[in-house]
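Structure, as structure tokens:
The letters A, B, C and D name the chains in turn, as written, and every chain counts its residues from 1.
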Amino acid sequence: RSHIAQTRSRGSRLNIIIIAEGAIDRSGKPISSNYVKDLVVQRLGFDTRVTVLGHVQRGGTPSAFDRVLSSKMGMEAVMALLEATPDTPACVVSHSGNQSVRLPLMECVQVTKDVQKAMDEKRFDEAIQLRGRSFENNWNIYKLLAHQKPAQEKSPFSMAILNVGAPAAGMNAAVRSAVRIGICQGHTIYVVNDGFEGLAKGQVRDTLGAAGHWGASISQSFGRLQAYEGVLQLVEARGQYEELCIVMCVIPATISNNVPGTDFSLGSDTAVNAAMESCDRIKQSASGTKRRVFIVETMGGYCGYLSTVTGIAVGADAAYVYEDPFTIHDLKANVEHLTDKMKTDIQRGLVLRNEKCHEHYTTEFLYNLYSSEGKGIFDCRINVLGHLQQGGAPTPFDRNYGTKLGVKAVLWMSEKLQQVYSKGRVFANSGDTACVIGLRKKVVAFSPVTELKKVTDFEHRLPQEQWWLNLRLMLKMLANYQISLTEYISGQMEHVTRRTLSIEKGF
Amino acid sequence: RSHIAQTRSRGSRLNIIIIAEGAIDRSGKPISSNYVKDLVVQRLGFDTRVTVLGHVQRGGTPSAFDRVLSSKMGMEAVMALLEATPDTPACVVSHSGNQSVRLPLMECVQVTKDVQKAMDEKRFDEAIQLRGRSFENNWNIYKLLAHQKPAQEKSPFSMAILNVGAPAAGMNAAVRSAVRIGICQGHTIYVVNDGFEGLAKGQVRDTLGAAGHWGASISQSFGRLQAYEGVLQLVEARGQYEELCIVMCVIPATISNNVPGTDFSLGSDTAVNAAMESCDRIKQSASGTKRRVFIVETMGGYCGYLSTVTGIAVGADAAYVYEDPFTIHDLKANVEHLTDKMKTDIQRGLVLRNEKCHEHYTTEFLYNLYSSEGKGIFDCRINVLGHLQQGGAPTPFDRNYGTKLGVKAVLWMSEKLQQVYSKGRVFANSGDTACVIGLRKKVVAFSPVTELKKVTDFEHRLPQEQWWLNLRLMLKMLANYQISLTEYISGQMEHVTRRTLSIEKGF
Amino acid sequence: RSHIAQTRSRGSRLNIIIIAEGAIDRSGKPISSNYVKDLVVQRLGFDTRVTVLGHVQRGGTPSAFDRVLSSKMGMEAVMALLEATPDTPACVVSHSGNQSVRLPLMECVQVTKDVQKAMDEKRFDEAIQLRGRSFENNWNIYKLLAHQKPAQEKSPFSMAILNVGAPAAGMNAAVRSAVRIGICQGHTIYVVNDGFEGLAKGQVRDTLGAAGHWGASISQSFGRLQAYEGVLQLVEARGQYEELCIVMCVIPATISNNVPGTDFSLGSDTAVNAAMESCDRIKQSASGTKRRVFIVETMGGYCGYLSTVTGIAVGADAAYVYEDPFTIHDLKANVEHLTDKMKTDIQRGLVLRNEKCHEHYTTEFLYNLYSSEGKGIFDCRINVLGHLQQGGAPTPFDRNYGTKLGVKAVLWMSEKLQQVYSKGRVFANSGDTACVIGLRKKVVAFSPVTELKKVTDFEHRLPQEQWWLNLRLMLKMLANYQISLTEYISGQMEHVTRRTLSIEKGF
Amino acid sequence: RSHIAQTRSRGSRLNIIIIAEGAIDRSGKPISSNYVKDLVVQRLGFDTRVTVLGHVQRGGTPSAFDRVLSSKMGMEAVMALLEATPDTPACVVSHSGNQSVRLPLMECVQVTKDVQKAMDEKRFDEAIQLRGRSFENNWNIYKLLAHQKPAQEKSPFSMAILNVGAPAAGMNAAVRSAVRIGICQGHTIYVVNDGFEGLAKGQVRDTLGAAGHWGASISQSFGRLQAYEGVLQLVEARGQYEELCIVMCVIPATISNNVPGTDFSLGSDTAVNAAMESCDRIKQSASGTKRRVFIVETMGGYCGYLSTVTGIAVGADAAYVYEDPFTIHDLKANVEHLTDKMKTDIQRGLVLRNEKCHEHYTTEFLYNLYSSEGKGIFDCRINVLGHLQQGGAPTPFDRNYGTKLGVKAVLWMSEKLQQVYSKGRVFANSGDTACVIGLRKKVVAFSPVTELKKVTDFEHRLPQEQWWLNLRLMLKMLANYQISLTEYISGQMEHVTRRTLSIEKGF
């Protein structure tokens, strides 16, 4: 195809063509990998190799997301059965916007059939729509990035991208997609070294590498709570400095998942998986040892997300977090629970502890308490996961998520710019021109930093409300504590006010 | 083929057929995966899927072994150049028995050509021989395990397998191959739960699961230094208890690589890779942060192998180990080195510390020293890798190594049994009937535990001499310390007395 | 007097003459200090100064002994009242052999009158007897030491004094009195530098400073449990080494009071007073601060004596010791007790913790627990008393006690020597020739080290039974815990089997 | 005398009459204690007891002040000898305003003779003058307090006394004398509970115990840096709140001696003595142990005064303080020094460490460093003195000092009040009406808090310049480090700019 020839002519030395197992052409004929290979070799004369992933895609350790998802859906299925009456129609347990939901079975079957029918009838666009909003969304973004074309004319706008704080997995994907889309739209894109400090010092270059004079109009920052705090300060200083009346967008990227305005920050999925893998190994190390309890310390600042979600993924016996205060009474209960458990077949325990969950009940403290009260029944070991939670290759989720956030952020900024552009000058002074982009339930949302200020606990660097707290009861139930389903449901309800039971076609 | 049909008929539900890219049949015709698939489907009627691994095999992070190997060979190459005179014949730098060696280029080329010629002329056995002893060895073991047949007649011997201490990666492979070969040879194989304690309590079962009365003759234990110590005690008690006059073989399996009688213990490669991956992530976490030094604590008891080899693999600035004593003078030098380094482009430091390297210079101590003396130049963070070094999936090396050790151990025991069997009774009382199996330079060797006792530092659980200590100078050179090549070479020579420069065809 | 003139003529430059306030001469005439001064000046011509101690003797901080004594007697008095019926004769609460006792009031009054009457009638010896055995004892030892005369003839025996372990207050007094009495009895006295090690190396000198050849017969060692253990080993080796068939006596001297065979070891009173004074100061430091709890760590190895007795003397809220095991349940109860207490007027808390009372419930642990559970109600501070408990000037009790033990030990050894001396040679091989001297209830007792072995917990360096454990309930009652008197009494009874209610005239 | 009769008639039950050994009456006749006793018994009929302190006053452990003083004067004497030429007149080394000084011998002798002559000629007032300003000062204050008379008429002024922060030794003396003098002058005196907080809440009572309405005019606060900071804030708020235009005086009272405006804060002498006694005991505990180094942690916040002065008093080998920065280089030098020292006769070491002297070189760090580098040569122990440095009975110096500061503060306030009183109203708005009272060199000085602000390091709670830093070189010299006298003198000169060599008649 000409697309490949083009990229080669621009100097690229490598192309990857991905073909789905069931790929068909417009006439319904299967497209095999060998067919494509022959095509490329014959038409373009490029050296081509085929890899058939096959069952390589099936095996392997399940990701943290898959583990938590299956736990949630299993719980929901049990609840559905318990609540069912003879008249309840059959349902499918599904997941939408971080919540398990029940969908009428018949409706789901019908949708599946409709998709197939549309495919058979070659109504491809319709088939895509029937697959749901999320699928459509992904398809559109793929097309946008894969078939991007250089802008026909230069836009009057410049954008600068700056990274604030430690790196987080998925940021490269976000920067790449943002730069691509930005260029396609004709903007001049600058990158800033060294965050706000670099910006102040003028360490700004355009994407072609030339030192830039960023005299213009748009900032976009990635990063942790610091980025959000920084943008908030800039916005609050707009009254004094007109130069700050530009459009700004924060892409939240931190392993801690503690940025208000989004359910997930970029990089937190990778961190959860890294922590999970480490816990898997730690548990495995005890397979020959009988009766051992591990206390594992995770990162996350005051935010217990990493600890809680990892806890569910690895089946932890407890996960101590700052948001769910505990006293010596709770610690005693946990120790007694483990002592009982050790009398059964399962003779290993795993307890997670968020690094800042308690000023005095340190990891050392827990070790001493567990060692002493478990004496003669189990022994205890400490592991502090440390910085390996921050590094590592991004998970598919974080790569996809980063790509999408990059695209959406630039599209939103372009739109806002048009709105505030007048007489050859950008003047953005309303709150809604400085936002945090994020995923809220099923949709990508833009929340003005000035609004988020009201719902942020700045001292502990936490949003005042966090959706994932409703997972804690599940963690406790799964750890076999004596929690009745009624408690569970009412506990859920505290956090979850609405739960939609319609067919979701989310992000 | 009948082999597959057979295993299926015995209940197996899954077969894996591996076909090399360049596989040919006896007539020289290529064997493709699709050809095999068609064959299986048509002849046997089994559902068959093809996966073409292709370039999946090429990418990925290099293993610790590959990193250390390339470091060693690079060093050797530089030394070869420095030592070369106009008359020195061209050489190839290669690796044999844990040492870099130089082989005459022409000789190597000739061997390669000979292999190809033998293949072309269908002298396959000869071709295999020309590939070297290690290749031939692997091929023989593969054949033994893949084409094993149940023994025609029962042997008079029983063997028991027991695991002592914490699990180590690769042990499952070793147990599997030992059991298979043992059964093929007609022995009765028992497994023991819970190590020596279980043996004492009679927690013994045969491989068919029946509770066994192990009234017989052969023990084989896996495990760490404890296993070796245990067997040593049993041997020393032979005078008092005739029941202990049996053949015993220890397969050293521990992440610490501290068992005398072998250059590598099973599981240590997996541990090094686990530590390496964690260090990779930790380093990556600092990619946005400027000027940070990580102090990473590794396991290994008093043995610095894990720390040293991981240090080379990740390019550490220092690796503190017990075997290489250090004082405040050395610590000061390291800190000053890092301070200088931070003034260059590379602004990250990584320092490894073996858990028991020093009674007083703890990880906390190093943190305080580095933090204080580096003040204003770099900051410092601690990571304690912990038990994740013990768990995890075994590396290919450990799986292969385990398989080989299992096979060789059983073969050796069978042979010894024949020797000490007389008048219907096993009576093994010479020292060479209780050995540690291990890899010593290039060969699998069996060392009597009574001999090893003389070269063991029991207090610190270390062999008195350790081959890998000669890697420490390399580590220091690679960390850019001011060590001259002359020092390096003489340092090497302290440890390495002989270095063979002939073509090696090892293990 | 000629006595003073004599000591002067032997080179002494200082004499101290102590005159009791009510001193009378044989004719009943008062002896005033000025009278004595004039006498000395006129008769001997020495420069003489008078100091009248007066009320200096009355004030000051009460000693630990006095504080504990008054606590015990107060408790006993309350119990006496509670148990009293109309028929119970009036009693005096007194103290005998570490126990509070009740003596009939009339009897006590009568004894007092008898003393006065004997004095009036100049029956001085009888008066002394009526003052009780302890008084008589002290008087005799004073006379022995003050009026000692060099031996008329040399005895055939030599004695060596060696000190084992750290110094303890009062040892100098013991050595001084032992040497004096030994010389008076005509023995040759050697001193050994550096304990058993010095003895082995021959670092022996006689009391005149000449390097000695100690080829003889008697050892006497001071020290801690090590001394006792050392002598035990020597005794057990008597079978092999005839040289060890000598008479040996251990004077227990250690701050820990953990030597079997005595209720008090020399130096423990000084240590208790040192700890008490430090606690007094610590409490005082909080007088301006409201609501603070101090956790104070004391020495003593595994022995909780120092901690418990200091706790009673300073009114501690708790004293954690190894001998009285505790769990998280007890810790919780203590914290809750303090929380309640802080709501009353007394807003300070003091908790003692013996250094080895618990492997896991360290001082740091307690600090964290108290700080956390007391949050908002009180804050918490740690103090580790450390080595200042070992130093300091000996208390009057330890000086007196040391003097007596030195005298009694030498007298006992002289007697034993006579018994085992035969044909010009000492041959001591029975168990009762190697003893620990000590105070048991009211009497000085000599316990064979071989007997004591049976009642010693060598691992924890503790006697298996310790009399002071019955003080712990008192400590808890005084700390206002909800312990009923009935519990207290039955608790007492566990430890105390006999309690004599007769008039005691003890040590 | 009528004075005693009077105090008795006012309810006092105890009088103490102190008579100097050489006391004479106006006619030169000696006054003996028995003479006074007889007088009191006969004339007043009170029960009277005599105590003759005699040599009780001579013995005992020297105070910290005496130890430091003798060290300084010894150093000065050596320097005087080294600097002397044949022409240098003989001199006496004395001490004035924290400095050693040299006075001409002949002049001193003359003054002594003059005093005697004045006494002989009954020119008592002149004799007092000749004894120097300090003597005269003390005499006047004694007379003021002993012979105080209730004021004839009420003054229009009220004073309130409040205590800020933790208590310090000597404060009671200061409050007592301030209240006495205040009442004598006719002022109404209030006391405030709970410092500034209590003042805000109105917890004010007058000295007769009645809850007071302190609607008036004068504050006086005692306390630590907080008191000074508090008063500074009040002064800075005078512009807004006219009520704050009152006269204020801070009496600095803290063990840390870190208040600007005075060379000594009340309580620091007691703390130094407490720390010194503890160190004495710690050293003593090692008298039987060979080769031990103690690391002793003292209080003082960032201020190294306590540590340095205690170090000199106990002959410490080093005293680490915040004001005298040190690196690993210095630590190494100290360890090497101790290693050398252990090879001599003195085999004990003592190292002091101020609690906040270094962020990273903690007490634990030093312990590890010393233990490791001293291995085989000496062992090491930690002691943390803790809160016992804050408590304890005040030393004579602190009692006297407190008494004087209380008197002088009230006299100064009375004077200031007169100045700012006009038209029935106190209006104090100049800087010199809010002062810190203190001893600066030899005189009691009043420094406006607004002036002191400029010379205070508020972050570390330290005066920017501290006179005692010149003692550090002496400490190092006395510890036998290789410091030449020249260095010492030039080091001195850095701190000390002027040194007066005239006859001082100081405070």
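Everything below uses one rule, namely that a residue touches a chain if its C-beta (ideal position, glycine included) is under 8 Å from a C-beta of that chain, and two chains touch if they have at least 3 such contacts.
Note that the structure is predicted; figures quoted are calculated from it, not measured.
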Subunit C onto subunit D, rotation angle from CA fit, given as a multiple of 5 degrees: 180
Duplicate of the B-D contact set - from A-C, A-B or C-D, the pair where over half of the pairs recur: A-C
Chain centre separation (subunit A, subunit B; CA means) in Å: 38
Mean-CA-position distance for subunit C and subunit B (Å): 64
In contact (per the touch rule at the top): chain pairs: A-B, A-C, B-D, C-D
In the complex, subunit D residues that touch subunit B: 327-329, 331-332, 335, 358-362, 364-365, 367-369, 371-373
Touching residues on subunit B, where the partner in the complex is subunit A: 49-56, 163, 165-167, 274, 278, 280-289, 294, 381-384, 386-392
